[in-house]
Structure formats: structure tokens, C-alpha cells
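In the two complexes below, chain A is the common chain; its partner is chain B in one and chain C in the other.
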Partner chain A sequence: MALLTVQDVHTSYGKIRALHGVSLVVEPGEIVCLIGANGAGKTTILKTICGLIKPSQGKILFAGEDLTRLPPHEIVRRGIALVPEGRQVFSRMTIQENLEMGAFTRTNRPAIAADIEKIYILFPRLKERRKQLSGTLSGGEQQMLAIARAMMAQPRLLLLDEPSMGLSPILLESIFATILEINRQGITVLLVEQNTFASLEIAHRGYVIQTGKIVFDDSAAGLKDNDMVKKTYLGIA
Partner chain B sequence: MTLSPGLHAFLGQLINGLTVGSFYALIALGYTMVYGVLSMVNFAHGDIFMVGAYCGLFTIGRLQSIGYLETNPVLAIVVTFMVGMLGASLTGVLVERLAYRPVRRAGRLAALISAIGASIILQESVRLVPTIFKAILDIKIGSHNLFPDAFISGLLNLAKDFGGSAAKTYPAILGTGGFTLAGVFISYGRVLIVVLSLIIMLALYLLVQYTRIGRAMRAVSEDKDTASLMGVNVNRTISTTFFIGSALAGIAGVMVGLFYLQIRVDMGFVPGIKAFTSAVLGGIGNIPGAMLGGYILGLVEVLSVQVLPAVYKDVVAFVILILTLIFMPNGLLGNRKFLKKL
Partner chain C sequence: MTMIQNFIAVYARKRWLLWVVLGLLAAALLVMPLLPIPQKNLWVRILGYAGLYILLGLGLLIHVGFAGMLDLGFAAYYGIGAYTYALLASRQFDIHLPFWGMLLVGGLVAALAGALISIPVLRLRGDYLAIVTLGFGEITRLLLLNLKGLTNGSQGVIGIDKPVLFGVVFNTGTHFYYLIFLLILLFTFLTNRLIQSRIGRAWLAIREDEDVAEMSGVNTIWYKLLAFVLGAFIGGLGGVVFASWQGSIFPDNFNLLVSINVLCLIILGGLGNQYGVIIGALALIALPDMLRGFSDFRMLIFGILLVVMMILKPNGFLPRVPPRLEKAADGKIKPREDRA
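Right after this comes the complex of A and B.
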């Protein structure tokens, strides 16, 4: 059974229609990437999946359960975590507090503390700055923190919205390595990226979205060979 | 030890300023907490403070009439605080639910108008309680009263403390006792108010900094969407914020009743604006700032009486409000981020 099924979802912002019948499937254990130009609706899909915006039509199923009418704080309890576009760490909280916020749905304190220690092994820079306000972190460090915070919810499905935005090539590599590592631990990933090349390197499959509609999908290798993808998203003539 | 008359008067005013400052600080916390989570000024907050005072008076009046206030004054006062607190809290939660939540996405002006409406409705509701009771009791079937006489007089007696246009009076339970420190008389009532306020504020600070609900409140005040992605129930957290902020106002209402004895349905207006000034002075949205602002305003106000005619006392607060907004809109401890939202 698919882990996530998005069925003919339509979403609007007031009168502005952003999604016109999006359908996609994510199987357990996959990394699936979502490719599209600015304004195509990538962020809207992720927000609709995690309940921040309600679709006017269509259904979202997670492990067979219908999430469509649930509020975001219930959806995260079901096992979906989002790393939002532009990071959105709590800048007036310390790094440690941000990680604890990530574990807000959990109650087992020793397990949470142990997970935070694991995070600090994965991201030693965060450990050095654990008592520092997150607003003082660099962009790359904030992105690490946003991913780490999402991991603290112990999600089965991790949604990432442009995790490499504004990062140097070296940091970009380490973010993608981190995503691969997270996936190896058994967490399914739905990845939105402007950096099509890098995301097709780590993804199993991908969907291409144009003005609120999925136009096609294929394996990562298939997408890399596709003429339209090459021209539009990889910049290869 | 003898002090010069000037210093003596100064110390007396200092104690006075701490007492008044405690009221301002307790009420200011409600403004600042609500501003934190909703970025709006709850202009009904002064009236929630008033409801707390009336709920307290109602309780202490009943406890007095059954003689309990005499036999066990400490417990009676504790119960009075609890009821005043709870009455204010439930009022605050109700105001948010009915007046603010429906217009939360409708912009600042809608929220402001709704807040002013809530303020008027609260005052008039409390004012009309005895009238409404009388109207219900006067229902007649033919020439007979619908309700038996004993029931009528009992209910009227119950309602008489609650509301009405005239000022109502708390029993003078705090008394005039006290002690003398360095030649300055300090009443037990003032000690109770200042110490209790400081304990409550410390408890609030610890709650906000170190508990799960406190962390949820801070997350909601920073970013509602991201907080909900963490699993925080945003609406419930906002209700909790109103509950706690209103509880503090309710405690202040009971304190004011016990200390000044007289309460009125419009008693929330001036302390409300002064507490708002305190919150702005400390940096609206900032909890330690509201406490600091409250005490500073209380002290400045009583000290101003030393140099200015007493009629200018209220003017001082407004001058501080205006100067703060012009020259230091972030307040003393405020966060720069809040300014952009104003």
C-alpha cells in the first residue's frame, strides 16, 4: 500500500486557484522529488498535505487514513513532518528549545533527550550553540536545525521544501547527504527542490508540476533523460 | 532611627508605588500575553479585571453573610481570590471565543472594533445584572407573582452585590494593621499585595519559560503555522493564554477591591489604560517587560505627586505612553520584531 496518496487535489488561496487536480503517490522508503518552476504550486502541495491549507476538492490518504479534514497538529501526530520553505525556526527560542518543540507530540522525556543527543552527533555545530537563540544562527545552520527539528517528531514521511535555498555548494552537498542518511534510516521523503540536478541524483522518482497540475512523472533516471526536463529544469539544451 | 521628613515621605511613597505598580504589572501581563499570541490589544482586558473584582465581591459577600469570613478569614480570602480569578478567566476565554476568534483573519481594525464592543458589553452586562434579576422576578401570572416571595428576596439579595450602577463595597477585612520599618508605616495589606503579586509573576515566568504549555505559547506567539506543524493546537493555546492572562487580571481585581474597598462597573478603564501603558513601556509582547513597566509606572506616578499637583497623576501615565510610542516604540525590553507587526 502506498504511504501517501494525493488524489485529485484542488487548492485555492481565496479566489486564486493554485492546484488544479494534483494526484501523486509516495511509496514507503522512497525519496520522491517534485520539480517545477517558481509559482507552479510545489509549496502549496506540501502545505495541503500537512493541513495548513484545506483543499476545496480531492483527498489525501496517509497509510490508508484520510487526512483531508484533519488540522495540522493532528496530521503531525500521524507521522508527517514538514521542513518549511525559508526554514522558519523559532528565532526567539534556543536551539535546544527548537528541538524540543520538534518533539512536542512526544511525551517520553528520556527518549526525547536521547534523540536530541543523536541529533547533536549528526550536527555538531548545533551542539556547540545549543543555548544560543536560533535567530543568531547562519542560514545553513538554521536549515540544519529546521531539518533536525522535523526529525524530532519521528516522522514516517518527511516533507522538505527547498532545503538548499540560499546555501553554498558545499553546504548543499551536506544537506543532500543528510537527506540520504535520513532516508537510509527508513524515513520516506518527499522533496521539493529548485536544484533539479542534485535532487534527481538522490531521488528514486519524480513528478513535474506546471501551473498547478502534474504534467508527468518518471524514475529519476528517466527524468534526467527527458528532453523537456533537460531543457526546462536542468538547463541543458 | 530617625529620617529626615523628606526621605520619610519618599519611602512612604515608594511603598505606595510598589503597591500600585503590582496592580499595573498584573494587569499589564494580560495585555502583553494576548498581544504576544494574537498581535492585538485586548481592549476588554480592563473589564475582565472588573469582572474579577465583582466575582470576588460576590463571593466574599456570601462568605460574610454566612459568618465564614469571621471564623476563617484566611480561607475565605483564598476562596475569594479563586472565584475572582476563575470568573475573570472564563470571561476572558469567552471574549476570545466570541469576539476575537471569528474576526481573527479579518484584519486589525475588525479586531479593535470587536474589542471595544466586548468592553462595552461586559460593563453593561455587569451593570444590568440586578435589573435583569428584578425583571425576571417581576413576572406575574394574573395578579400573582410567578415566583414565591422568599425566592424573590433571596435572589435579589444574591444579586445586590453583583453589578448595578452604584459603587459596591468590599468588607474591610485587610484592616489597618501593619508594622513600622525605619519609621515608615507599612500595612499588612500592602505586604500581602506586593508579595502575592511577585510570587504570581515568578510562577508565570517559570510557566512560560519551562513548561510544555509555556513553550507552546511562545511558539504560537512567534509563528502560528510553524507551531501547528510541531503539533501545537493553536486555538487551544490561545484560549489558555486568555485564561492565564485573565486570571492575573482577576487577582488584581480582587486585590483592588480588598485594598480600596470600592468597586464600580467602569473601574477597569483607567487601570486598564495604565496597565496598557506599562506593557508598552516594558515592550509589548515581553513578559518581564510588562512586570518592569508596571512597577516603573507605579513608582513614577506616586513620586510625581511629590512634585506635581495630585490632579496630574493620571496625566503622567499618558505622557509616558506617548513618549514611549514616539521615542522607544519597542519599549525597554521589547523585541524589535513586534514593532513591525504593530
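Right after this comes the complex of A and C.
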């Protein structure tokens, strides 16, 4: 059974319709990427999945359960975590507090402490700076922290919104390596990225979205070979 | 000024020094009414009044400092608490309910008002919330002014009962001074526990970023409601004390300036810190009275001091400091790398 099923979802911001019937499926263990231009509706899809925006029509099923009517804090408890666009960390909290905040839904303190230690192994930079206010971190470190915080919720599905935004090529590589590592630990990933080339390198499959509609989907290799994708998103003639 | 700045810099690093300073301050304030000081009654009155503002500050701190909801109508809860007591323990309707129970009831009525106003506004953010609460504060004052059958309008409610404890009637400023002192100790302790709890953590997250807090599993609507209710409770309780101390209250005691003053003192003290509220209230409320020697120039000097203060310490006297270092696995406390 698919982990996540988005069925014919329509979403609008007031009178402006952002999604016109989006359907997609994410299988357990996959990395799936959403490819599309600015304003195509990629972020809206993620926000709709995690309940920050309610769809006007359509259904979102997670492990068979309908999420459409649940508030976001309940959806987190079901096992979906979002790493929002633009590295939104709790900037006036320390790194340690940010991580603890990520585990807000959990009550088992020893397990939380153990997970924080695991996070510090994955991100040694964060350990060095655990007592620092996270607003003082560099952009790349904040992105690491945003991912780490989402991981603290013990998600089964991790939604990543533009994790490479504004990062240097070296940092981009390390962020993508981290995403691969997270996936290897058994967490399913739905990735939204402007950097189509990099995301097709790590994804299993991808969906191409244009003005609020999925236009087609294929394996990552298939998308890399697709003429339209090459021309529009990879810049290869 | 640099001396003060150095001092602040030192105690920002050494929290125990802050405790020593606060302890000495508390001890000095505790014995002050017993000492033979010239114009003692005036001092008791000024500091008692500042104490009331500390209480209000602790309430508003929950709204603004902890949960990040800009509330410009805090005087409403103060007024509702005060009028609840005034109407149920005065000559107005010849009802005389005991003060100690009413202290709780006044707080609860204000908390209920806080819950009612918060229901429509919980989905609003920032500026919109500020405007709605501003309106709520003014509407409350106008209702107190115009519901003449109930509140006696601008004539106010007079002949409000004094608290009685073990047969002792609270009829001097010193009695109220100590009552307020105890309430400040109690609520400083309680708000301190609160901010370090899971609830406090959720509030701070909401203050930082509501969407991300929600996505971390915080039921933001519920925690914001809780903040509104608890803050309003403290405001209402302050109102009961005020009404019983003054003996008569008028709608104008709860005007916009009260809300603004309470907001100013918590900003001055450094948002997100109970001890800052104490320092902020002493500076903002007691200082204008202490400057009486300058007569006409008093408010001018006060204004200049405020401006200078905010330039020197834009984050207030005592901004929130992250929790202390915990012990590392080997049991040793590690030095902080960012210490110069």
C-alpha cells in the first residue's frame, strides 16, 4: 500500500486557485521529487499535505488514513514532518531547544535524549553549537537544524521544501547527502526542489508540475532523458 | 552609564549575581516599611503601586513576552477584576463578599473575559490581534462608563470593602504593600515554573513561528487560548487588589494609558523575563514619582531617560537568556566557547 496518496486535490488562496486536481503517490522508502517552475504549486502541495492549507476538494491519505480534516499538529503525530522553505528555525531558541521542540509530540525523555545524540552524530556542527541561539547560525547550519528538528518528530514521511535554497554548491552537496542518509534509515522523502538536476540525482521518481497540475511523472532516469524536462528544467537543448 | 552596562554584562553571564541582586532588592523592599524613613507612607504608596504594575506586567508578559501576542487592551482585565470585586463587596448593592474568595473570583471573571475575546481573535496575528485587543480595552472602559445602572458610570463605585485577615482590617498602605509583595513572589514563581514547562516551550515556539510550531505538533489555538486566560487571570486579580486598596474606582482608572504603561514596562524589562518585569515596573512606575523634586521637568526627564535606556539596551534590562549549560556526560561543566 502506498504511504501517501494525494487524490485529485484542489487548493485555493482565497479566489486564486493554486492546485487544479493534483494526484500523486509516494511508496514507502522512496525519495520522490516534485519538479516545477516558481509558482507552479510545489510548496502549496506540501502545505496541503501537512494541513497548513485545507484543500477545497480531494483527499489526502496517509497509510490509509484520511488527513484532509486533521489540523497540522495532529498530522505531525501521524508521522509527517515538514522542513519549511527558507530554513525556518526558532531563531531565539538554542539549537538544543530547537531539537527538543521538534520532539514536542513525544513524551519518552530518554528516547528523545538518545535521538538528539544521534542527530549530533549526523550533524557534528550542531553539537559544537548546541548552546548557541539558532539565529546566529549560518544559512547552511540553519538548514541542517531545520532538517534535524523535523527528524526529531520521528516521521515516516519527511517533506522538504527547497532545502538547497540560497546555499553554496558545497553545502548543497552535503544537504543532499544528508537526505540520502535519512532515506537509508528508512524514512520516505517527498522533496520539492528548484535544483532539478541535483534532486533527480537522489530521487527514485519525480512528478512534473505546471500551473497547479501534474503534467507527467516518471522514474528519475526517465525524467532526465525526457526532452521537455531537459529543455525546461535542466537547461539542456 | 558604562558602569551600569558593565554590571549588566557581568550579570548576564553570571546568573547567580542576578539572584544576589534580586535577593538584596527583595530584602530591602521587605523591611522598608518597618524602617524610620522620612516620608515613609509616600514611599510605601509609590512602591506598592509599582508592585501592582509588576503583577499586571507578569500577566501581560504571558501574552506578549511568552506567547508573542501583542495585547493592547490589558487594562480591560484589570478593570473587569476591579469592578467584579467592587460590585460584590461595597455599598453599591450592599453585597459584602469576602476579599480572599473574591481575589480568585475576580481573576476568574477576567480569565473568562480573556477566553471570550480570544475566541474570535485566535486566528488573527500580529497587527490584527493588536487592533482587536485595543478595541476590546476601549469597549470595556466604555461599558463601565455607560452601564450606569450597574457601575454607576463616571461617578464610580465607592465604599469598597477592605480585606480582613484574622480580624485585622487592611486599612493602611503597608498592609497592601505586603499583600502585593506576597502576590508578586507567588506569581513570579508560578510564571517562572510555567515558562520552563512544556507549556512555556510551546508558547516560545508560537512566538517564534506559528506555522513551524504547529508543524512541530503544537496545538497553537489551544496554547494561545491558555496564554490569554492565564494572563487575564493575573490582570483580574491585580484589579481586585487595586479596587480594595483604593476604596473607590472609576472607569477612567482603566484607560488605554494603563495598557500602554504595562506594555512599556515589560518591554523596558526585556520581553520574556519575569525579573525584567520587576525592574521595568520599578523604573517606569516608581521613577516618575521619585523625580517629583524636578517638579515641572519631571515627565521630560522621565521621557529622556526612557529614550536613552532603549538606545543603550534595545532588548530591555534583562532579555531572555537561554537555559544554563547542563552537565556533559562526564559530569563536568564545559566552558562556553562563546565566552570572550
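Here is the rule we go by: the second predicted complex is superposed on the first by the 237 of 237 C-alpha atoms of A that agree within 3 Å, B and C clash if a C-alpha of one lies under 4 Å from a C-alpha of the other, contacts with A are read in each partner's own complex, and residues count from 1 in each chain.
Assume a residue touches a chain if its C-beta (ideal position, glycine included) is under 8 Å from a C-beta of that chain, and two chains touch if they have at least 3 such contacts.
Just so it is clear, the model here is predicted, and its values are computed rather than measured.
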Sticking to the clash and touch definitions up top, decide whether chain B and chain C on chain A clash or fit.
-> clash
Who does A:Gln88 touch here: chain B (first), chain C (second), both, or neither?
-> both
Considering only touches as defined above, state whether A:Leu52 meets chain B (first), chain C (second), both or neither.
-> both
Check the residue A:Pro72 against both partner chains and state whether it touches chain B (first), chain C (second), both, or neither.
-> both
Please work out whether A:Asp161 is in contact with chain B alone, chain C alone, both, or neither, and reply first, second, both or neither.
-> neither
Go through the superposed model and pick first if A:Gln132 touches only chain B, second if only chain C, both, or neither.
-> second
Touching A:Glu100, do we find chain B (first), chain C (second), both, or neither?
-> both
Considering only touches as defined above, state whether A:Asp115 meets chain B (first), chain C (second), both or neither.
-> neither
With the two structures laid over each other on chain A, which partner does A:Glu141 touch: chain B (first), chain C (second), both, or neither?
-> neither
Go through chain A and flag every residue that touches chain B in one model and chain C in the other.
-> 50, 52, 71-73, 76-77, 81-82, 84, 88, 90-93, 97, 100-102, 104-105, 149, 153
Residue positions on chain B within touch of chain A in the complex are 212, 215-216, 218-219, 222-223, 225-234, 335, 337
Complex interface listing, chain A residues touching chain B | 50-52, 71-73, 76-77, 81-82, 84, 88, 90-93, 97, 100-102, 104-105, 149, 153
In their shared complex, at which residues does chain C touch chain A?
-> 198, 201-202, 204-205, 207-209, 211-220, 320, 322-323, 325, 336-338
Along chain A, where are the residues that touch chain C in the complex?
-> 50, 52, 71-73, 76-77, 81-82, 84, 88-94, 97, 100-102, 104-105, 128, 131-133, 149, 153
